[in-house]
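Letters are used for the chains, namely A, B, C and D, taken in the order the chains are written, and counting of residues starts over at 1 for each.
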Amino acid sequence: MQSTGPDLDTVPKLLMHNAGTLGSRPAMRHKDFGIWQAWTWAQMLEEIRALSIGLAELGVKRGDKFAIIGSNRPRLYWAMCAGQALGAVPVPVYADAVADEMAYVLAHAEVTLGVVEDQEQVDKLIAVSDRLPHLQQVIYDEPRGLKDYDHSRLMSFDDVQGIGRKKLVSDPQCLAQWEAGVAAGKGSDLSVILYTSGTTGRSKGVMLTFENTIISARNANAFDHLDQNEEVIAYLPLAWVGDYIFSYVQAYAAGYCVNCPETPDTVVQDRREIGTTYAFAPPRVYENVLTLTTVRMADAGWLKRKMFDFFIAFAGRWGEKILDGERVPLGVRLLYGIGNLLVYGPLLNQFGLSRIRVAYTAGEAIGPEIFRFWRAVGMNLKQLYGQTEASVYVTAQPDGEIHADTVGKASPDVEIKISDSGEVMFRSPGVFAGYYKDPDKSAEVITADGWVHTGDAGFFDPKSGQLRIIDRAKDVGRLKDGTLFAPKYIENKLKFYPNIREAVAVGADRDFVCAMINIDLTAVGSWAERNGVVYASYQELAANPLVYDMIAQHVDEVNRSLADEEIMAGAQIRRFLILHKELDADDGELTRTQKLRRGHITDRYSPLVDAFYNGSTTAQISTEVTFDDGHKGVISARLTIREMRPYPARVAKMERAA
Amino acid sequence: MLYREVGQYKSSYAADMAVFPILQDRIGVAVILLVAFVVLPLVSSNFLLNTVLIPFLIFSLAAIGLNLLTGYTGLLSLGTGAFMGVGAYACLKLTTFFPNVDVIVWILASGFVSAAVGVLFGLPSLRIKGFYLAVATLAAQFFLEWCFIRIPWLYNYSVSGAIEVPLRTFMGVPITGPNATALTRYLIVLSIVVALTWVASNLVHGRIGRMWMSVRDMDLAAELIGIRLFHAKLLAFAVSSFYCGVAGAMMVFLWYGGAEADVFAIDQSFLVLFMVIIGGLGTLIGSFFGAALIYILPIALRTIPSAFGLPIRPAAAEQLTFVIVGALIIMFLVVEPNGLARLWQIGKQKLRVWPFPY
Amino acid sequence: MHILYQIFVDPFVQMGTAPDLLVQTLWDGLVAGVLYALIALGFVLIFKASGVFNFAQGIMVVFAALTLVGLHEHGVPAFVALGLTIVVMFVLAFGVERLMLRPLINQSEIILFMATFGLTYFLIGFGQLVFGGSPKVMIAQELYLPSGAFRLKGLGGFVSLQKIDIAAVIIASIMVAVLAVFFQRTRIGRALRAVADSHQAALSVGISLEQIWVIVWFAAGVVALTTGIMWGARSEVSFSLQIIALKALPVLILGGFTSIPGAIVGGLIIGIGEKLGEFYWGPLLGGGIETWLAYVIALGFLVFRPQGLFGEKIIERI
Amino acid sequence: MRAPSSNEAALGEILLAVEDVSLSFGGVRALAGVSFDIRKGEVRAIIGPNGAGKTSMLNVVNGFYRPQSGRITFKGEVRTSMRPYAAARGGIARTFQNLALFRGMTTLDNILAGRTLKMHRGFFWQLLRHGPALKEEVEHRRRVEEIIDFLEIAAIRKIQVGRLPYGLQKRVELGRALAMEPDLLLLDEPMAGMNLEEKEDMSRFIIDVNQQYGTTVALIEHDMGVVMDLSDRVVVLDYGRKIADGTPDEVKRDKDVIRAYLGEPQ
């Protein structure tokens, strides 16, 4: 059942509608104090209303911007809606951002109010308060440690709600006024500003209207037949558009229940307890889970391992066919049933995925092995391609038309075209209203007739008719000899090995391709344990010659597969090294959504890049790092560069690549 | 593997603190109860009921009693047999004085007599612990045993010096004495054992259980969080002896139908202690496992050779049983010092994390 | 009033009027006490060195005696049988160390205690299986142990001293002396004491813990054999002896678990105490109080001196 | 960071006064005529070299040892010797240098055990574990969950404490003491054997306990940095005698203290 209707064009209106029609159904749960606390739609309306009226009493008015900072907790989601009910615009911010990064976004958005999780975030805001002239009030959820703070501009969430509740009692007009305020909201109103942590430069504030998000959400719900019975777990950053649409707007549109985990560390356990039916995650999550599976199974007894391997291999052959409803021999179906009892079912159950009806991977390319693995064991994993600027949905794979290397067909109401330069462009009701306070940039991205430049290079796969994405358009370069060089394409191939966590390929305008690699501490650490390799630190493990040998093998396999592809054969990796530290968002090497910031990395590691191309076999590097507690230090290392032998280009078997 | 815990979330503390929080476990318990109350009565022969099921249940209850004292509170007792005896003799006296009150009431009431005696012999636990306390309980064992023999009043001055169980009926159905059918007695024993197990489970999962375990794990710290050690220990003695007493009364009234004092000799104490240790200290389910292994194993050892047609002298079979049981005890302790319940837990954990090893 | 008289006056009047009976009772108590002390001694040896509360000590007494008699029944000459029995006790010690103590190292004491229960069962079954379950007569004569009795006249009657009892007291005394010398003078003895103080210390002076365990269990086995011969010669060799063996426990409570002099003194107190109690006060209660009197005496001690006669005062530290 | 509180604490009333307490074991003298007081709301440190009698002092305060002479006044009542459980009833909680957890029980049960004194449902209800008994369990579980949340040990609530790493066990032990809602919290080397990060966490918890719940804290600690940061007043023991008493700054400058810590110059 969808909550549709032309009058339901804002999220607060959906809230009031749901409170009426789904009143006693759960709207949110939060594992807190050891058990799942739940709120029905009716209760949630009451909570949000109290907060909203409290905020109004504090002076929040239509058009104000207010920040939301913290992890996924019901009260922060409520704050979004409470503000929206007043016509104010929430600006969710990445909670793990350091104070400095946060200051830029908050100052740019001119936020007047911050709703934050705890003392940690309050401290950050206090630290940069001199740069935030508009900020008048900070509201916190968790009072711990804040007792002795100066409360002249600080107030607890409970107190704000208290103000609202008191007002509701004392002023009989208040309720009607508030409801009138909600009714006054329009679909075309600005609903949220989401700052994208761009891979280059300062982040930009993407403005989305209610219409943008609600139409996209309804289309998505209809596309996958989502209704009020879904259970989802909210664990992705609040500032990411995916979470905003998926844990917030889609939930309000379909009326399903959003569950907030106890802590970020217990997401797997919490997901398992709830048994989510609809999931949305970047490939990294699926990859980590698979790595965990591999690592744990490596410690299992011989017999169990054999059984596991047999059934996984069997599922690899038949699982996807069964999932897609194809006809398979009865024997296969029977054996798959046994496999389901012994392996697939328990496996999905361990990770809380057995009730999944639809799971999406998005944000980046997923390794085909990983993608097929999850589908083979019976989870309906699909790909979608989206952007903040599109209110997420650009393309998605319909049930039964799933391919590991494509991202699907145009989502409902979305038009797509490939520009002459090979860039993917789209037009849809979800197209954003522009970048906040940056009309020049907006005009650059949105054409006069409403098409949006995605910045991604791609093409339509002739066989499946689905979109394929190669790389960021601006990252696609050429080697000196003119060979096409798509760094991400190569990096993804590397990253599909569990031992490789991150890779950076360099080669544009150079003679050949080189790669800097980050090993995966979980996978390689477990390998080290099994093989008696002793190490005291990440750095030591990364420098181990045996680890180098292992990674060299992976690189070699990647080269072989590149040699199979006509246009990529010249871009094989000739030299590589293993980095001495993990690439980290705190050091600006990754974005907060864990994407490479390529330019920054090549600057930072320029001595290494130089060493690649001047023939050195080792390279010295010192880098400044930021520790978890915020203080900085320098680590330096001498890294070994390993030489690889490329494969001759073969006659292409282009059945997939074309 | 069989455990599918997705979607089993708890939204109240009551649900979270339930004894069986996992759905599959609840189903398992229901199945076991169904089998015990319905299936077994339908399919069991009198032999099976009399020689296997009834004694197994009675020993399980005694083992639970001792487990509350030794496993949960950490007080080693070698007087179980005597406390069982107190229950049996008390029941005899009570039903003699008040023949018209239902004997089931007296079976349960005799537990209170046993509890009182238990408290009396638990008094030294104020000052002593460990093996020293074990010796104190031996005093109880031998003194009470002596009483059972030397005080004719206890066995109603019967010529044989043994308890002779009188016929008692409940709503016209004979439940004790020679006319009571095995099935009736089985169902009564089963009901009492199930009910008392439930009660024991309630106790150990609540404040009192935590209090006992605190005393067991670190008595000094327990005292420093405000627990009166003496009270906690005496309560453990009382509850433990209650269970043993009821088990003893059931043993004579619902199983043997008559008994001499030597039934409650030190051997019986040791037997129950074995059950508790092999089953697993500090677990209720272990008490059942232990009773099954220690009681049923010898029966199996005696019956299996003859079932295969191997001629074996009864005496030799008995001796062989001793050898095997002794060796098994050592072997079990070597393999899993925490008892069968621990093995069970490990197995269950394996099933829960399946297909992973951990 | 009458009952008070019976308890507090009458027994002492009897002692005074018939001193021969008193001396006879004391002697019987002394002999029983010596044998209790011997069982307790074997126990203390093992507890000191390996921290194991060896419940099987009593059954080792029976097992040793049974083996000796059993071998002789099968035609083995008495002294060869004695030698063979010593070998059997060594094999037992070795087996216990290998199959029981070593795998259970670092387990809690209650687990080790339970393991000795298992050993008890095993030995009961094994002994009967091999040598039969019926009571046997000790080969006292073949071992040149005296029989018959001295009758000492005097004290208004006579006192009868069984020669075997005298022998038992002498042999027990020799045994204790030998052990004392062994502990004080020999290298192994010093090692044993080191172990008793601290396993770490023992390891650091280069003594294998395993060897020491074998040695103490073997020593306890020899003590058990001696006890078994004496006790067997006085009554008969049967498994009913194990109940008497339990008497070692109150002896230990009195003497402390780690003290050899304590075991001896405790044994004597218990032996004499229960004989006096049985003879003079027992009839008041209908007799047979011997079965539990020892425990009650021990219990009384426990409440007033929990660490035993010779144990050190325990100061609990946290 | 918490400069303002020390003056206020100095004004607080006396919660516990130790007067001329002496204690010896056999011939060994552990405490000799020690006197000091603990005021409501303060963090009081007891420091001194090894064997100075610090732990003995705590053991006397919570009734585990009986002093041979001297007087202890707690909440205005003279208690020369009280049983440990009576001390607990009076509102004194305690953690130990070498941990005294109930190792066979889970984190949750350990902390719940700390609530034993606050639970009153009788034996009969405990037999049923329904109705009032269950209601009481649930109420206390809620309170315990607050402590779990406070100490950030949610992820280990159902793990047997014996299997936890040392630093977490220390935290659970603090949790159990907090569950008693004590007026006076005695901490015996709360940071012994911890790494820097764990020490910082523990310091934060101690400060929060003191500030948020107003619990009076008396702690023994070796790490002088921690002591100086945390405590309002410090008493210094050496060979069972008090050699100094005052604010951290005063104590730091005291000649006797310097001598005790650095050894007497010959």
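To be clear about the criterion, a residue touches a chain if its C-beta (ideal position, glycine included) is under 8 Å from a C-beta of that chain, and two chains touch if they have at least 3 such contacts.
This is a predicted model, so every value here is computed, not measured.
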| item | value |
| --- | --- |
| Pair joined by more contacting C-beta pairs (A-B or B-C) | B-C |
| Chain separated most widely from subunit D, comparing mean CA positions | C |
| Centroid spacing, where centroids are CA-atom means, of subunit A and subunit C in whole angstrom | 76 |
| Euclidean distance of C-alpha centroids - subunit C vs subunit D, Å | 49 |
| Distance between the centres, which are taken as Cα means, of subunit B and subunit A, whole angstrom | 57 |
| Whole-Å gap between the CA centroids of subunit B and subunit C | 32 |
| Where subunit A touches two or more other chains at once, by residue number | 34-35 |
| For subunit D, residues contacting two or more additional chains | 64, 96, 100, 141-142 |
| Residues within subunit B bordering two or more other chains | 12-13, 16, 220-221 |
| Sites on subunit A touched by subunit D in the complex | 32-35, 144-145, 147-148, 262-263, 265-266 |
| Subunit B contact footprint on subunit C (complex, rising order) | 53, 99-100, 103-104, 107-111, 113-115, 117-126, 128-129, 133, 243, 246, 249-250, 252-253, 257, 285-289, 291-292, 295-296, 298-299, 302-303, 306, 316, 318 |
| Interface residues, subunit D side, partner subunit A - complex | 108, 141-142, 145-146, 148-150, 154-155, 157, 204, 208, 211-212 |
| In the complex with subunit D, residue positions of subunit B that touch it | 12-14, 16-17, 199, 201-203, 205-208, 210-211, 213-214, 216-218, 220-229, 235, 282 |
| Residues of subunit A touching subunit B in the complex | 29, 34-38, 272-275, 293, 296-297, 299-301, 304, 307-308, 341-343, 345-350, 352-355 |
